[in-house]
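Multiple structures follow.
Both complexes shown next keep chain A, but they swap its partner, so chain B is in the first and chain C is in the second.
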Partner chain A sequence: MGKFILQRVAQGVIVVIGVVLVVFVVTRLVGDPVSLMLPLEATPEERAAFEATLGLDQPLLVQLGDFAAGAVRLDFGDSLWQGRAAFEIIAEALPKTFILVLAALSVAVVVAIPVGIYASLKPGSWIDRTLVGGSLLGLSIPQFWLGLMLILFFGVKLGWFPTSGYGSWKHIVLPAVTLALPAIGRLVMMVRSTMIDELHAPYVETSQAKGMPRWRTVFMHAFRNASIPVATLVGWEFIRAMAGYAVVVETVFAWPGIGFMSIQAINQQDLILLQAIVFVVAIIVVAINIGMDFLYMGIDPRIKVNS
Partner chain B sequence: MTDKRRSAVKQLFAKNRIVSLFMLVLVMAMIATACSSDDSDGGGDVTTTTADGGGGEGGSDAAIVIAIGSEPSSLDPQIRDDGGERAINDNIYETLLARTPEGELVPGLASDMPTQVDDTTWDVPIRSGVTFHNGNPMTTEAVAASFDRIVALGEESEQFGFFGSIIDVEAVDDTTIRITTDGPDPVLPSKLYWIKIIDASLADNADFAENPVGTGPYVFKSWDRGTGIVLERYDDYWGDTPPVQQVTFRFIEEAGTRLSGVLAGEIDLMTNLSPDDIDVPPQSMSVVGGEQPTMILSTIDGPTADVRVRQAMNYAIDKEAIAQSLYAGQAVVTQCQMLRPSYTGYNDELSAYPYDVEMAKTLIAEAGAEGATIDIVGESGRWLKDRELIETVANYWADAGLTPNVQIFEFGEYLNRLFDREYRAPAIFVSMSNELLDASRTYSAYYAPDGSGASNNDEEMQQWIDDAAVETDVDARNDLYHQAGARACDDAYFAFLVDIEDTYGATERLVWQPRVDAKLLVKEMSVTG
Partner chain C sequence: MSVTAPPDQLGGPTVDPVVVDSVQGARGRAVKSFLEDIWRDKAATIGLLFLLILVFTAVFAPLIAPYDPAAQSLADRLMPPSWMDGGSTSHLLGTDNLGRDVLSRLIYGGRVSLLVGSAVVAIAGTAGVLAGLFAGYRGGRTDTTIMRIVDTQVAFPGLLLALVILAVVGPSVSTVILVLSLNGWLVYARVTRGAVLSVKQRGYVDAAEMVGAKSTRVVRRHIFPGITAPLITLAVLEFARIILAEAALSFLGLGIQPPQNSWGLDVAIGREYLFNAPWLVIFPGIAISLTVLSANMVASWLRVRTNPLAREKRFAQDTMKHDLGSDGILGSGDAFTDDMYAEETEGAATL
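Now for the complex of A and B:
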């Protein structure tokens, strides 16, 4: 067990280092923050002087060494864009994205599991077909468009919710629904198909034959077995949203989360902030993955650690 | 003025009501399944909400909300060159000289216009009775100390180009400061319109960049990172009491979302309304003052080295059609120079090349350049409709018998090519903006052969611009820029296009006249009803 944990953490560290190396090198190869931050009409002398003040005239290896030395202490340096500690910006933005993703996935799970189970009970019926059709629609609607439509309808036309921003509980409803809808679509499909498989397994027929109530078979036995792929998908949805897909929703709704900050960091060519965000998000992704492994063991004790 | 096209957003909403309704039903169904509780009547009754500004019935306690596209990087007014920072700080801090909405320089914190003592020395009379928001008086010593900070910052500041010539500022007496420059600097008055006066005793405080204290009509209240900044009226302001009591700036990057906020009445004024949406908000306003996209043509290499080809490339473009259709009327034709009428150095004797394809074809034939390949260096997404504009221009050149080759680069790579001093591409797209409303920086960068983005080797041009840079006699300096402008127009060093207007969307109640310098001065705004 201990060995297993160590192994997973070691793999995670390698992933994080790899991701950060790639980002570090690529941003410095293609980007030129100096030209972006200064007006186009700036003279070459003004550019050179400014590059020196940012420390970007240092050799790449020196810059990388500085970054690595700081990163282990969560000191990523000062953002070029805002001029304050990159970690401070991340610490402000990350919880906002976390709340949004958590709200969206709660909605998604609460909606998708009953809907998926219900659809699986009578596969091929018109209810099943409608739900499957609805799910396909949900997962294929572009979030950008969906977000604007929800704003226009619930924000502008009905005035129920603010059109954008961050603050009260009302602000979270529209972005959370926008983020949840495609996840609902995928989850319903997944719950439905795994449940159909399980419900046709021999143990279900046996339990039915010995007189177990139908609801007990469905929820206590079939769903328990079906919940591993479902949990995997929920974990994947979480990673997907944290590691990038919340960007679209955060941009449309001006939600000041980590996705919004990463877009700003890219637009402003803020290498320092960008590499700090990538570093932190990579750690979160790895941590969630390791957490999921333990969750599986909790759900299904048959899963053994290979040592 | 604008064609009656309706915007994409409006169309989606008005015509595809079915889609919206379907979305509603879908979402309601899901919420209902999730909560299995109160089903609200999500059906037909559609009501429009009206703005409730939170207490302001016009008059003196009005509160307004302004949506801008980007958050300030910092509220230190002397470090960054950043539109978000300017939008906020223009209301908190002030400058010695100000501009009228039309662009004319007038005294601001100075009590009168500066007077020149000699080539490198200027005296500026300072207004008395002005206080900073913390109660400190704005003495001549305080003004001098404020300048001392930028001199000390030097090239550490992104604004260095806007104050670089100033080497010393001292308080002569209680009413006058004396500014010394490192050489003759005719642009100094324009620079005094740029440099914000701070209480320098606060500049070393750790929170100076997030707790601004100026002399302006609005006092900083709060900054909710990522969301907004609130300012309130300064009761001891030296000027007229502004009608708006409180203003909230919100940062909303997505233009469609800003527009939705205006439609919902949450936002009173939004910047950068897309020209296609000009008819959508209750009120829209525009003024020439935004970006001026231009094609820099190389007189050094390739087919464009022939002046006839370059002239043909100007004749070939229907500028009026670009202004009317691509920018939905929110643009005007550039009059053959990289300046606007309100700028110092503007030559009002120049006019745009008329649209004349036959003339273009004739000139190209004379030059023997039929079918010549013209590489166009461009980028996409940084400026309003940049890629569409580049491709439109390329089509006009193709119609005239050239073979344009549009090359769209990632922005960093685009800049490498724009500033490449070894090889000048035949045509390079650039979007000019001019914060000081003066020819100097623009002409030094793009007209003078040694400029970072220039594509000509006209030695006379270099001489005019070098002379103008140190010519403190206003008329003589103007003459030099007029000559440079006329040469670049006649010999077609550029293909001039259009001046894009700054476009704003607003609620019905907001009363405001947009400014040529794009400043969002809340003291000039008021609300009705």
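Now for the complex of A and C:
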């Protein structure tokens, strides 16, 4: 057990180092951060001074070392765009992204599990086909477009919800639904598929034969077993949202989370903030991955650590 | 075989007519069974037709599009679609903020989506399948090394890194293809490796090895044909995912750049006019959705066609029960176990 934990953590550290390496190699070696961040008319002296203040004149390894030394103290340097600590900006934005993602995943789980179970009860029926078709549609619509359509209809035409920004509970409804829809599509397919497997297992027949009510078989037995792959997928959706989809949805709704900040950092050519965000997101993704592994061992005693 | 073989039209050396006939017959039967099978799945038929039409309009865009997609006409700017007040039949789907014809831009925009989608599937697919074949067939240290790289990269925040790379390197069609390929090979490697591992245990592979076939021949002739079915399904699914990804990158301003046009970019431009000219956003979004939905419907039909277990799931009535269940005839050592397919969606990189 202890060895397993160590292994997973070590693997996670490698992932984070890999991400930082990619960012450094791409920004320092492939691109030229100084000309990206300074205006074109900057004099060579200004460029040199700017390089020196950011330490960009140092060898790559030294820069990496400085970054690592700062990162362990959560000191990523000052954002060029806002002129304050990059970590401060992230610390403000991160909870907002968490709220959005959690709201979206709650919606997704609450909708997708009953729908998926319902579809699995009569595979091949017209209800099942409709639900499967609807799920396919849900995961085929581009999220940024869905967001704009919701803004147009519920924000402008009906005026039920604000079109963008952060504030009251009303602000979260449209972005959360936008973030949730493709996840609902994938989850419904998954719940349906695993539930069909479970409902055709011998233990279901046994419990039916001894007279257990259908709902009890479905929910207490079949769904309990189906919940492990479903939990895996929910974990993946969390990672997907944190590591990518949130950028798109937050940009559409100007939701001041970490995804919106990363696009701002790119537009403002704020390298310091951008690399700090990527680092923090990488750590979060790794942490969720490790957390999921432990969760399985908790849920399913059949999963052996040593195998 | 009562049909007389066609005379040798090419004028080359005469070929035994019976052989020609049987080869053509077999091919004809395969095509016929393919068509019959997809016809039974109406959604997939419509999806396939839509994709074929899309390819056609993309290839012949200059002949089909009523206008040059970049031709500006400031007098006609923000003209609504023809069926709305103020619309005109000269611009069926209206015009944008610079008076460019929306329909023509849609037709040309399909080119970029198809180009990026197929290029990434080709590049990432080749790289991933080769890596997976190596890992699965060689096993041992090769396998561990390759799969460790895959596992590490899967845990990367894919879209975020793609954004950083595009921002630094400069967005363009080729950099978008590059970035999405870097991100896309993982899932092919995983699925290929899994399929190779199960096919490798088959008797005919052992037999080929014992007869002394070289390993390249074993892989090419005996292993690869056995794993193509899940790979084709995966490629179609990935095609759909890549089109969505390209659209998202272009929407964020880090994909296709003007003066080139793409559906995602058109949505980004139209967003400024969302409230007074919503058609600028609505039509490109519908184009993306229909394309991705079509590919997804074709993929789900392919999956059912090549995976007996999924076929059972699709058409199962309650009478069939568990005799085809996951531990039944199709034991879990089979190349087409459901787990492998689950991995396709699960392992799909985060974009």
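Worth pointing out:
Methods note: the second predicted complex is superposed on the first by the 280 of 307 C-alpha atoms of A that agree within 3 Å, B and C clash if a C-alpha of one lies under 4 Å from a C-alpha of the other, contacts with A are read in each partner's own complex, and residues count from 1 in each chain.
By definition in this document, a contact is a pair of C-beta atoms (placed from the backbone, for glycine too) under 8 Å apart; a residue touches a chain by one contact, two chains touch by 3 or more.
All figures in this text were calculated on a predicted structure; none of them were measured in a lab.
When the two complexes are overlaid on their common chain A, residue A:Val26 makes contact with chain C while staying clear of chain B. Residue contacts after overlaying the shared chain place A:Leu148 against chain B and chain C alike. Within the superposed three-chain model, A:Glu46 lies in touch with chain B and out of touch with chain C [touch as defined at top]. In the superposed model, A:Val156 makes contact with both chain B and chain C. Once the two complexes are overlaid on the shared chain, A:Leu137 sits against chain B and chain C alike.
In the superposition on chain A, A:Val278 contacts chain C only, with no contact to chain B. By the touch criterion stated above, A:Trp236 is placed in contact with chain C alone, chain B being left untouched. The residues of chain A shared by its contacts with chain B and with chain C are 30-31, 36, 137, 148-149, 151-152, 156, 251, 263. Of all residues in chain A, those touching chain B in their complex are 30-32, 35-44, 46, 49-50, 53, 81-84, 89, 92-93, 96, 107, 110-111, 114-115, 134, 137-138, 146, 148-153, 155-159, 162-167, 177, 181, 184, 251-254, 256-257, 260-261, 263-264, 268-269.
Residues of chain A that touch chain C in their complex: 11-12, 14-15, 18-19, 22-23, 26-27, 30-31, 36, 122-124, 133, 136-137, 139-145, 148-149, 151-152, 156, 186, 189-190, 193, 196-197, 200-202, 205, 229, 232-233, 236, 239-240, 242-245, 247-248, 251, 262-263, 266-267, 274, 277-278, 281-282, 285-286, 289.
Against chain A, in their complex, chain C makes its touches with residues 43, 151-153, 155-161, 163-165, 167-169, 240, 244, 247-248, 251-254, 264, 267, 271, 274-275, 278, 281-282, 284-285, 288-289, 292-293, 296-297, 300, 313-318, 320-322, 324-326, 338, 342, 345-346, 350-351. Touching chain A in their complex are the following residues of chain B: 9, 12-13, 19-20, 23-24, 26-27, 30-31, 33-34, 46-49, 70-71, 73-74, 76, 79-81, 155-156, 158, 160-161, 164, 209, 224-228, 250-254, 256-257, 260-261, 263-264, 266, 410-413, 415-416, 418-419, 430-433, 435, 441-442, 444-446, 452-453.
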